[in-house]
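Below: a set of structures, written as structure tokens.
Both of the next two complexes hold chain A, though its partner changes from chain B to chain C.
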Partner chain A sequence: MASLWTYFNHPNFWWVLAGTTFLSAISALVGTFTYLQRKSLMGDAIAHGILPGVAGGFLIAGEKNALVIMIGAIVWGVLTVSSIEWISRKTHLRSSTAMAVVLSAFFGLGMMLLTVVQTSGLPDASGINSFLFGQAASMLPEDLMVYSVFAVVVAFVLAAVYPHLTIISFDRATAESNGFNVRRVDAVLSILVVAATAIGIQSIGLILMAALLITPAAIARMWNSRLIGMLIFSGGIAALAAGMGSVISFTAPAMPTGPWIVLILFAFTLISMVISPQRGLLKRYRQQKKNQDIILRENFIKRLYHQWERSGQTAFHLSDIEDTPSKRTLRYAVNNDWIQLAGNSIHLSEKGMREGRRITRAHRLWELYLSKALRMRDDHVHPSAEVMEHLIGDDLEKELLRALDYPLTDPHQRDIPYEP
Partner chain B sequence: MNTWVLINAVVIALSCSLAGAFLVLRHRAMLTDAISHAVLPGLVIAFLISGSRNTAAMLIGAFAFGFICIFLVEFFRRYVRITDDASIGITFTSLFAIGIILVSRYTDRIDLDQECVLHGEITYSALKRMALPGTNWHVPQTFVSGMAMLFIVSLLIAIGYRGLKITSFNPDYATSIGVSVTLWHYISGGIASMVTIVSFEAVGAILVIALMVIPAATAWLISKRLPAMLLNTTILSVTGSVFGYWVAIWLNVSIAGSIAFLLGIQLMVVILVKVVARRLPLQRATK
Partner chain C sequence: MSNVPAIDIHNLTASYERKPVLWEIDCQFPQGKLIGIVGPNGSGKTTLLKNIMGLMKPDSGYVKIFGDKLNKVRHRVSYVPQRESVDWDFPADVMDVVLMGRYNPKKLFSRVTQEDRDIAIEALKRVNMLEFSKRHISQLSGGQQQRVFIARSLAQQADLYLMDEPFVGVDAASEDAILSLLTDMKNNGKTVVIVHHDLQTAYEYFDYIALLNTRLVACGPTEEVFTSELLQEAYGGRLTVLSRIGELIAKKDFPVREKGQKDN
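Moving on to the complex of A and B:
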């Protein structure tokens, strides 16, 4: 840790750390709205498309001047957005095709300008590469000030148009039909995306900038179902990833920062995918397991009940039961007083009887309902009832009983058991 | 000597643009963006394992990551319910990031660098030569592999022409007569991925996208029938490559960048001509 400590004492360290976390958080906020409108790849097109602006800004300023490069990037970003818009309006090409076209053509122009910069003999010409993949550690406080001013402006504009953005993100059609100027809000969002891309060019680099617009929003969506929570979460996660990225950038200066930030975000995506409370795989697995347990034990007690119906006996041998129950099912049944277990012999208790009766009743009621109300053939109703018996609760059972007027037998002429 | 660079560029341009035509018709142009970024770690890992620029190893690596890319996109979409475009975006940026980290970490062991990933090495494609079997002719390796790819792509398109055509233009009709749209969806995607991967090394990530998408999109605007569109696609890809090459030599700039940009200029000219033509009184009178 002693070595890490020396970076903390590096004069630029805290500047860069504070700067990159702030810039990334702002970019991620803008990305949340493009995510919700399913325009995520627009960010990728813009990020590639602004390269001529960055290289041109470098050539005009004759050095790595953050302000000129920022202005170049924003001007060219707006040009990128309008070109995509222009192509999809004037031709029958879809906007995704227009995006691929403009992205590659403009990036090609940018590559031409990059080679001009590299052969120009300008001082610091090799520094231009830091804009491609990001080099957080190479940022000076002056650069950071420039980017931060732009980021603050983005934040203010975002706050000002927040209600409008919310409307078009969630109910675009209604907004449109109420005479809301959707296209103007779209234009503002596009300019915000351009600015959000431009402020990240030196910390993340423009090639991977799209990830900062997309990934935090996607992660935030896994944890939140409200917009405000999503915004806070995506901003926070982007700040965290960017902060970790800048630490790496200081410890390994030869490495570009952007890929690390993207990789950290990817790791967060994988972690959230597993543990997030809303859509996490773990949560879904547990839910599935729980449902499976319920079905298994309900089927077990139903089978005992059927055997009792046939024989009138409440004592069984474990080997007499078709589909031998799992230990887990048996343990649950014993703990809940459904059965008494002694060695391999089972005794069905009063409580277990009631449970078996309930499930059998639900099954037969549903069969009768399908047959009577939906006029399904009697030999087609069983499979559906096998599923529904586990889902029919007290309320639905009451409704079925009322609808069928308290029937006595099911379509197969078996008794529908009532509580004695 | 430099003629070979131009010839290589044209050969690669031909196969890319032909394979791209069916992607553009299916509105899947951004797929090339995803694949051309996602295969990078495969190339680097293959390079590290085989210890050389072994074409076979790099192809296997690239294909493996092409599949990982498709799998991850599908996984995020289906099981994590991330929106379509976002799952594409997350996947290819992450894979590309892994590739870039590997490139910069092992930069001393690989003769790939961050820039060459973007620009490709078309300039050096004339240098590595091989003898044509049975003759004394020494031609660049890139030319041989490019011609092989062009042959395979043309053959696949010729064999699958009917299926590709019907599923591109009228998927509903295709389904109704029992042609599997999904199957041809994967075949067209597969051809495009193969071309992307083979061309990536020579022309870099960006020019692959430009070559696959722009000539086909341009040709679509000026052609009424598929054969004409395919012909126009190939012509436009050749003119774009030749002009782009000349401009690059003339201004001494990146060849890959210049070709990509010139392809874009061609498209812009076509759109402008169409827009102006629409406003001419002559056209209005004939309508």
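Moving on to the complex of A and C:
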């Protein structure tokens, strides 16, 4: 632990930590809107496309000057967006194709300029690689100030056009007909994405910046069903991942920061996929397990009811029942007073009878419905009814009864049992 | 209520991907009526609505609303797009969507006020959806989603409402709710224009009908439009000459009007 303390005491540590978390949170807020507008690829195109601006900024300043580089990145970013826009408007190319064309061309140009910088002998020239993959620990307080000022402006603009972005993300046509200037808001969002990408170039790096725009939003969507919650969550998760990334950047300075942050975000994504409350795999697994339990116990009580229909007996021996019920099913039936159990003998109670009758009724009503409404052949209706009997609740049963006008027999001439 | 038509469409020709799908439409819709834009699939109903709403630029002709350009009277007009045109998985609950009807396009840093909320609640009451206000929009039935859209439109407190196929994929309860609301709106002097493809119900629903099949077949009070000849003309297939010339225009990138020629 002693070693970690030395980092905490490092003069730049807290600066870098506070800076990267703030910058990442702002980028993630902008990214949330690109995610909602299905423009995820746009972030990637911009992130790669601004490389000539970064390298050009370095050449113009003649040193690693954050302000000049930032301005170069933003200018070139806007150029990237407008080129994509212009190509897809003037040709029949899809915008994803236009993006791919522009991003690879500009990235190629950027790599050439980067080589020029590296061989230029300018001070810090070797440090320019940190813009590709990020090097949080190498950021100076002055650099952070520059990025943060831009981030504050981004946040300010975002707050100004929040309703505009919201309605356009959900329903463009209505927004436009309500008088929103959709094209102008689109342009504002593009510039915001450019700025949000540019503020992260030193902490995360260009190449992986797109992940910071999109992944937090994707994670946040798994935990939130309203936009406001999504924004808070994505900002928070981005800050957390960036904070962890910069701590790692201090402890292992040889390793670029960007890959760490992206992998941390990816871990959060995987965790959310499993445990998120709305669409998590765990939730789905539990639901399926629950369905299976319902099917098993309802089939059990249905069988008892059928045996009673045939024999008029309410007492059975456990071994007489086809498909021996599991302990779990039996326990449920006993606890819910469907049956009384003494050793191996079962007594079907009034409540169990009602339950069996309900399921049987649902089954036969559905068979009749398939036969009448869908004109299915009578010998084809059983398999579907085996499932639907577990799904048809009171509402649907009432509707079926009404639609079929309270029928007495199913397609196989068996009685449809009503409550006495 | 003045005698100015709610909508005045003058010699409107409009294209979709450069192919004209509406030819020289010329008709007026009166105020305070339930008006149907009726025609078979692909007859240009939605295109006409989009041109009225300024979402598309016509190749020729113009539309006036309450005798004025759309931009001057936009606050008096409300549009309800087809339900399928948006992603219902968007992170919003019912209240959030209805409040969007209160968003002000001209204001920056605007926030929802208590008055906006009250208006939204009132709108939800009118479509019988208030109890669902905290429900996520993806968890609604098709008919309920449509009612949310209409509530958002009501929250705009407009005078003219344009709705694109509000009865498609809607359960019986929602259909009843929407219909009685429409009658209610009409009785309050509102004008409602509805794009509708079902002839059977069109006769019952609307006072006034524009019968469309890439050209205007008829436009007038329902009893006058619903004659067997006119219906036959609208539903009996497209005019092949029109669709042939439309394809030519698209292929050769030809204009619909000569340069400098004005519609008057």
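Observations
Methods note: the second predicted complex is superposed on the first by the 396 of 420 C-alpha atoms of A that agree within 3 Å, B and C clash if a C-alpha of one lies under 4 Å from a C-alpha of the other, contacts with A are read in each partner's own complex, and residues count from 1 in each chain.
We take it that a residue touches a chain if its C-beta (ideal position, glycine included) is under 8 Å from a C-beta of that chain, and two chains touch if they have at least 3 such contacts.
Owing to the predicted nature of the structure, the values given are computational and were not obtained by experimental measurement.
In the superposition on chain A, A:I392 contacts neither chain B nor chain C. When the shared chain is aligned, chain C comes close enough to touch A:N181, but chain B does not. Set side by side, chain B and chain C differ in how many residues of chain A they touch, and the one touching more is B.
Touch criterion met: A:V102 reaches chain B, while chain C stays clear of it. In the superposition on chain A, A:H164 contacts chain C only, with no contact to chain B.
By the document's definition of touching, neither partner reaches A:I201: not chain B, not chain C. Once chain A of one complex is fitted onto chain A of the other, the partner contacts of A:L304 are absent, as it touches neither chain B nor chain C.
Look at A:K39: by the touch rule set out above, it reaches chain B but stays clear of chain C. Within the superposed three-chain model, A:L227 lies in touch with chain C and out of touch with chain B [touch as defined at top]. Of the two partner chains, chain C is the only one that A:A173 touches; chain B does not reach it. Residues 221 of chain A lie at the contact with chain B in one complex and at the contact with chain C in the other. Within the complex, the chain B residues that touch chain A are 24, 27-30, 32-33, 76, 79-90, 93-94, 96-98, 100-101, 104-105, 114-115, 118-119, 206-207, 209-210, 213-214, 217, 220-221, 248, 251-254, 256-265, 267, 271, 274-275. Only residues 35, 38-41, 43-44, 48, 86-87, 90-94, 96-97, 99-116, 119, 129, 132-133, 207-208, 210-211, 214-215, 217-218, 221-222, 254-256, 258-260, 262-263, 265-266, 269, 273, 279, 281 of chain A touch chain B when the two sit together in their complex. For chain A in complex with chain C, the touching residues are 36, 159-161, 163-164, 166-167, 169-171, 173-181, 221, 224-227, 229-230. Taken together, the chain C residues at the contact with chain A in this complex read 50, 53-55, 71, 74-75, 77-81, 85-87, 90-93, 96-97, 100-101, 103-106, 108-110, 136, 152, 156.
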